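Note that the chains are named A, B, C, D and E in the order they appear, and that numbering of residues resets to 1 at the start of each chain.
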Amino acid sequence: MKKIPKAEFIKELSKWGKIFFRTDEGFLENNELSNRRLSKPPKKFVIPQEEIYLLFYRPEQKIVQKEIFRKEEKKVIFGLYPCDAKSIELIGLNFLKDPKDPYYVKRRESLLLVTEACTYPSTHCFCTSLGDSPFDRRGDIFAFGMKDYYLAEPLSDRGREAILWDKFANATEDDGKLLEKAKKEIEKSLEQFDFKNIHKILYQKYKDKIWDELAFKCVNCGACTFYCPTCYCFDVQDVERTNWGYRERVWDSCMFIIYSLETSGHNPRSAKMTRLRNRVMHKFAYYQTSYGEYGCVGCGRCIDICPVGFDIRETLKTLKLEAGHD
Amino acid sequence: MEEKEPKILTFLCNWCSYAAADLTGTSRIQYPPNVKVIRVPCSGRVNPQFLVKAFHDGVNGVWVSGCHLGDCHYTEGNYYAQRRFLIIKSLLEYVGIESERIHFSWISASEGKKFADIATKVTEDLKKLDSSPVVLAKKR
Amino acid sequence: MINPYKAEVATLVRNNFESDDRAIKTIYLEFENGKKMEYIPGQFCELSVFGKGEAPFGIASSPTEEGKVLEFTANRAGLVTKALHETEIGEEIGIRGPLGNGFPISKFTHHNLVIIGGGFAFTTLRSLLVFALHNRSDFGNIDVIYGAREPGLLIYKNEFKKWRERGDVNIYLTVDKEFPGWKGRVGFVPQVVGEIAPSEKDAYAVICGPPVMINFTLPVMLKLGFARDKIYTSLEKRMKCGIGKCGRCNIWSKYVCKDGPVFSFAEIEELPEEH
Amino acid sequence: MDKKIIELLKEKLENGEIEGVLGFERKQYPEKNGVIFVNHSEGLKRIADSLFNTLNIATYLGKLKGKKVAVLVRGCEERAINMLSVENQLNREELFLIGLPCQGIVNIRKVKSLYKGEIKNIEEKDRLIMVEGDKGKIEISVSKVLSNSCLDCQRPTSPTADINIEGDTISPNADFLKVKEIESLSFPDRWEIFKNEFELCIRCYSCREVCPLCYCETCFVDSSDPQWVEPGKDVSDIASFHLIRMLHMAGRCVGCGACEIACPEGIKLSYLTSKIAKDVKEAFNYESGLTATQKPALSEFKQNDKGEFIL
Amino acid sequence: IKRGYCSSVCCMYSTKEALITKEHAPDTETSIFYMDMRAYGKDFDKYIKRAESEYGVRYVRSRISEVEEDLKTHNLKIKYETDDGKLASEEFEMIVLSVGLEAPKSAKEIAEKFNIQLNSYNFAKTSTFEPLQTSRPGIFVGGAFSGPKDVPETVAQASGVAAEASSILSEVRGSLVTEKEYPPEIDVSGEAPRIGVFVCHCGINIGGVVDVPSIVEWVKTLPSVVYAEDNMYTCSQDTQNKIKEVIEKYKLNRVIVASCTPRTHEPLFQETIKEAGLSRYLFEMANIRDQDSWVHMHSKDLATEKAKDLVRMAVYKSRLLEALKEYSVPVNKRALVIGGGVSGMNAALTLSGMGYNVSIVEKDNELGGNFRKIRKTTTGEDVRNYLKTLINRVEKDPNIDLFKNNEIEKVEGYVGNYKTYLKGKDEPIEHGVMIIATGATEYIPTEYHYGENENIIVQHELEDKLENGEITGKETVVMIQCVGSRSDEHPWCSRVCCSRAVRNATELAEKGSQVFVLYRDIRTYGFREELYENARKKGVIFVRYDEDTPPDVSMVNDKIFVKVGDPILKIILEIEPDYLVLSNGITPSIKENEGIAKLYKVPLNEDGFFLEAHVKLRPVDFATEGVFLAGLAHSPKFVDESIAQAKAAAGRAAIILAKDNIITAGTIANVNLSKCIGCGLCADVCLYSAVSLVEKKIFGKVKKVAEVNPALCKGCGTCTATCRPNAIDLYGFSNQEITDVVSGIIAERRKVDDLNSAESLVRGF
């Protein structure tokens, strides 16, 4: 752990790439960190909402195809909270398994994630309930903001190579204590629900009638999925012009009826409840089964944004309670 | 490839306005070639969505013409059309599509002259906009 | 890095209607560079008509067939299938594949094979059947039970005739109802399976068809003594990427495109009813 | 909720006249208020009136098809129910409607723009709301944070409820000030406004899903034959979606404003919904949902309809 | 030859001409000089009012004495006597004479050849009760040959005559028909479109302006076009053969002709491709003559460019065309007639004569309707005798079932297959067509103290008195016309009252009574003008009054006093009549009509009479197929006109009954069941009741969805624009087809020259 004067840290990082700071309006270049969790997740840095990835041109009968890769300038994402840094890793679990998704890979390579310890959790945050912490070391570099300094340490090769760490003084023991103290305080301020084994309950409760009640509020809009930092589902569509066209992928949502609608008209998840259940199951059970991690970082954005007052914490709590009674 | 001449998507009902366009021809009345006619059975067939899509796709103007009220081959089609057209015209203008781009008319089968006059007006109105792009048009 | 989303281009060399209502058509594709695709029966490809979109189709040809032609049979239902049907010979089609797991051929080898199909879902079954016939000595008895609503909707009719003439495979064709000119069996597939009662001894079964048919055939098979892990099927789901990324084809934690589409009923029993 | 009403509902629940009651539940963070379906009399106390009940309760009736339900409704909600009845989506006979005196709904976004901190608690009292959080406590007059749609409300009371709870309501003015302001601008200036709004859209379709009258199974936006709206974030496509949706709402929209408040991006959908309300009002002297038989404005006509715009 | 008749059409004709003049040249001042404005037909008075108030046509009631030319200006000067007897003169630039109609020159020759009698004006002689029958059985007459008449009467008579002829020929119906045979239709579904394009020079009509050969070369580069050629005349017979050959040789499955207008030539080319085995719905046309070469003659380049646009649009649409299905629906060969009056009975007898079964539903327990109140026709025929015979014939007719004292409760079905349930009966009447002949009601006056004095009576009461010999010939009688007609509440002319009053006045005058007829316009059109002339000869005094100054009727001790201002004599007449006879009008039976209108989904006009499909050209049809109209339910009229209409309705109905099946058009609405949400808005806007909501099971769920009845759908597409999920669409003009044609318009703009420019478009945003 190094102790680096704020201005110098920024200056050093800017040598790696253009710096984008966490601001109230999102990650911008304007050098002012906001003091709250961003309303929008950072996933667009690895999976933009719209990605045109294939061009085709048909002069006559023969088709010419071309892959499109956008040139990605190097970006330092500065001030990412650990939960958001984790979300990019979680998305990576999907996109980096074989066959690798070259678009994720290229984008991720162009990013230097500088995580800042989260000292301003929002009312709906629940990362600790999932076994995470607002002070988790995630991303390429971890930083903890103090008055004039950052306590910082590299976490990945990219982080290690990004700046000349040796230039800077090591953090003192007191600094470390300060950090630990802050960590404990913040963690304590968060309500603890303990969802650590929720996947077992979910598999057990999958067919329970309780789901109808749990899903009653939900109208199956896609707001939660689009605001979720770990939702990565996409749709692939072609757009046709006179003698050319392109293929693109765009964010999709498992909440939409068309998401799983088959051409025949059959839809395995035609009932609204089944779509909500699949989303909850995917986050808290299937992801766990596939990767050993929950597909949720507890950022609470879905709770913030839900237009109908659906609260995932309540849902999981209810399920836990129900299972306890069984 | 950008063409200079504006293109005007024109819906004509089969029974009155399309016949009027034919009569304009038989009478050899001249008008600008910008109107591109789609024949439809009735102005009531014209879904206002077509207008949104057409502007999105890049046509410069839209003109829909049907039978005079009371003369509709299907009796009432143009009455419904009239309500729809009022709404779509008002809505598109409201978001910033110039009124010069959206026209509606009733032209009977005998009004060849009227057809030519309106075709001319519609084209000239559009040309007044001085090739400014349609705000709703997709750029790729 | 290989871009798994990029399609290769193949040329449509031949096509023919399979059903009398012309809603089912078989298309034959060949790579321009003469490449031969390596695949196993039961796998599928994402075919694309550029500008219309991509859709998954089970490979109907067998890797053992001569030439470099890939065969697909498509029912005209959506945008892409319509465009595929209306592709002229000589035109190009995008192809990504082979995708999915395919049938567990190694398990099947040296066993009897019961192939049960319904409607236009005989495509990958054709692949499997042709594969087995080309490696006839590697398999024991082969029973094929295939049915459709009416005679005009049975696909691969000419081939069935040839297969039957071979004498080393038992072909049972059936239609749902009596039909003028139809002299074969009449009855729904599950019922016919019950009548024929293929033996479970040393046998693997593969069932592909509409969900209703599968739902009614499975109990018949179980009653005949087939173990769930010796009955396979190929699941249909809405797919987009075909490589387990886009998310939509999941059943529980499995992705049909990547972990499937071939599953044994032992595996399916574990999964919920979302298929 | 009013005691007499609770008694009445209890009775109806117990004698089986109704199978349940649909209403809103008040939460600590009132923006999290949600709709609940109560099918036993103890649950009735959960139902509460609040300025933050921003959804249109009619949206939930689709989930209760075939059930005899009592519903607490405001004017716009009941008009939506009437509209759904006209469009064969529900059986009005199965519903027992209790008309609430509507004081409008609050747009939490407006509250947040007045209170910059992290909100921990909100209380409602009379025409004031008290906000408390890490930046202290403030009082805000409801009129300052009223939903835009309520500013253009034509009819706060429910026109055909089975019983009505007496009480003060917001005054219906329907002067469409914002619409008039936009109408007075030049075409490029108008587009500037809407372009900025549309560019915010992430196509989550919250507006559509919370709308009681957007009940199609396959939305036109998902159609490929033809593809009315192309995928992606291009403003032309987003605009097409919202404009066509408005066409579908014209003469049907009840002006509840649920879409605007639901929108996570805060798009001013009321600019559009108020516009179509104003147009049908001015051109056809029409208000949607006044009765359970009145057809949508675009599904009827009068011989003397306005047609000056036609050449 | 003396022309003592009114030509019946000139008043309205000149009004129409004046109105059209105003439309074309709004600054023109048009004046119509007239004596009586004979706007007696349905909605005619409204038309005149519109001409006057909306278009500013000036009406001058006058007698013209002289027209002379101003030698300097060459203007024409009209001298005339005004309404109030003054002489006036006015100058005009043009005078249009409203000349009357006369019998054709060849009338005598025709009459001699066919041995039929003519009347004194050389029109074919007919009678009131057999208005279509000449003096010789087997020879019928329709239209103006039996007297001047307006379009709707002519059209009705024509249909009626056809029905009469058909009755005689009913036994041999269909025996000479040979069906054209076509090769079996080639199924092209699921095939790539292979389009052939034929571009027509039309002599120099197109070729002189549009560069036709360059279009042919260019069109070959468009997707799916496999063949293109140009023709001097694509419509010529040898080109038709060529088209057929090319279809076969190139395996075309779509054909486009770029030439003139589809409105005239589409059927020809459709027939051609049908002969080549292709469905006629696989044809598309590009109108590059009427809407291109003829209207852009001076800009050949632009005309050629536009022709390309039009052809490309056709190609884009053509790719999506499908061989549409035409359905065959069997026809139930029974007719239902609602109303057992003269119209209803005549319609029923005519249908029965043609060999069809008929059911008559009459609400009273007696047949005859309004006619039971009448004793004589205006021309003096005995009504009761006729009615007795008529009723007798109906009651004895084995083909006719009578349901007296019955009302209709419920109707199901559509053309060819109706089920009508009568009140209190479970078994419906099944029928293929129906004729509405529900009649109308006599207006019961509320004005002029009617009902307060036993000597204030209406015309039919006067007729009773005449018949009973209560009239001695010493009475003074005042008749007031237009009672309950042409007023604000009843803005129509009841058509028959003038003639009836004139006839009754004549009879009174012949007895020696002093008769005053107070009128607004005397509308004794046609040969009834003779009655008017005769009445004046017999000393009946006609006094005109204006709408604003109606006669003033007062009573003092049971004595009646009538005051009326005569605009001609400019004096106020005061009369103390023994009888005041009100010429009361005819009003629709609104309640009954509204009921029937709802049951059969047919419209009423704003007055409450039934509204026919087209006032001129389809006078007895409704827009809804299989429902027809006759008699007073349509509008007030004379009995001969009612009879002609009844026979016309029967004739029109028989067209459907003669068919075993109804073949529906392919271009109709259709519903995508998985998209449909059952909101029913499509059904709400369908005038033809072709769309209804039904419950169906879709993917295991029962839901309400829209269903189109192909037999009823006319293909207007109004429903499609109400459908938010685009579940209901129109074959032949589908959403996809239309949006693709739009793509055709802007195709050139959405083209790129190479892959790089495509890439820059994509990367640019």
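Everything that follows uses one rule, which is that a contact is a pair of C-beta atoms (placed from the backbone, for glycine too) under 8 Å apart; a residue touches a chain by one contact, two chains touch by 3 or more.
Nothing here was measured: the structure is a model prediction, and the numbers come from that model.
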| item | value |
| --- | --- |
| Most distant chain from chain A by Cα centroid | E |
| Centre-most chain, if every chain is reduced to its averaged C-alpha atoms | B |
| Pair sharing more residue contacts (C-beta pairs) when B-E is set against C-E | B-E |
| Rounded Å distance between chain A and chain B, as computed from the means of their C-alpha atoms | 49 |
| Chain centre separation in whole Å, for chain D relative to chain B (CA means) | 35 |
| Separation of chain A from chain C, taking each centre as the mean of its C-alpha atoms, in whole Å | 39 |
| Rounded Å distance between chain B and chain C, as computed from the means of their C-alpha atoms | 51 |
| Residues of chain A whose C-beta touches two or more other chains | 52, 235, 237, 239, 241, 266 |
| Where chain B touches two or more other chains at once, by residue number | 48-49, 53, 76, 80, 84, 139-140 |
| Multi-partner residues of chain C (at least 2 other chains) | 53, 78 |
| Chain C residues touching chain E - in the complex, by the definition given at the top | 17, 22-23, 25, 76, 85-88 |
| Touching residues on chain A, where the partner in the complex is chain E | 52, 55, 57, 59, 64, 66, 68, 70, 241-244, 246, 265-267, 270 |
| Of chain C, residues touching chain A in the complex | 1-7, 9, 48, 50-55, 77-78, 81, 90-92, 94, 211, 236-238, 240-241, 243-253, 272, 274-275 |
| Of chain D, residues touching chain E in the complex | 87-89, 215-220, 223, 225-226, 234, 248, 295-296, 298-300, 303 |
| Complex interface listing, chain E residues touching chain D | 606, 674-675, 677-681, 684-685, 693, 704, 722, 724-727, 735-736, 739-740, 765 |
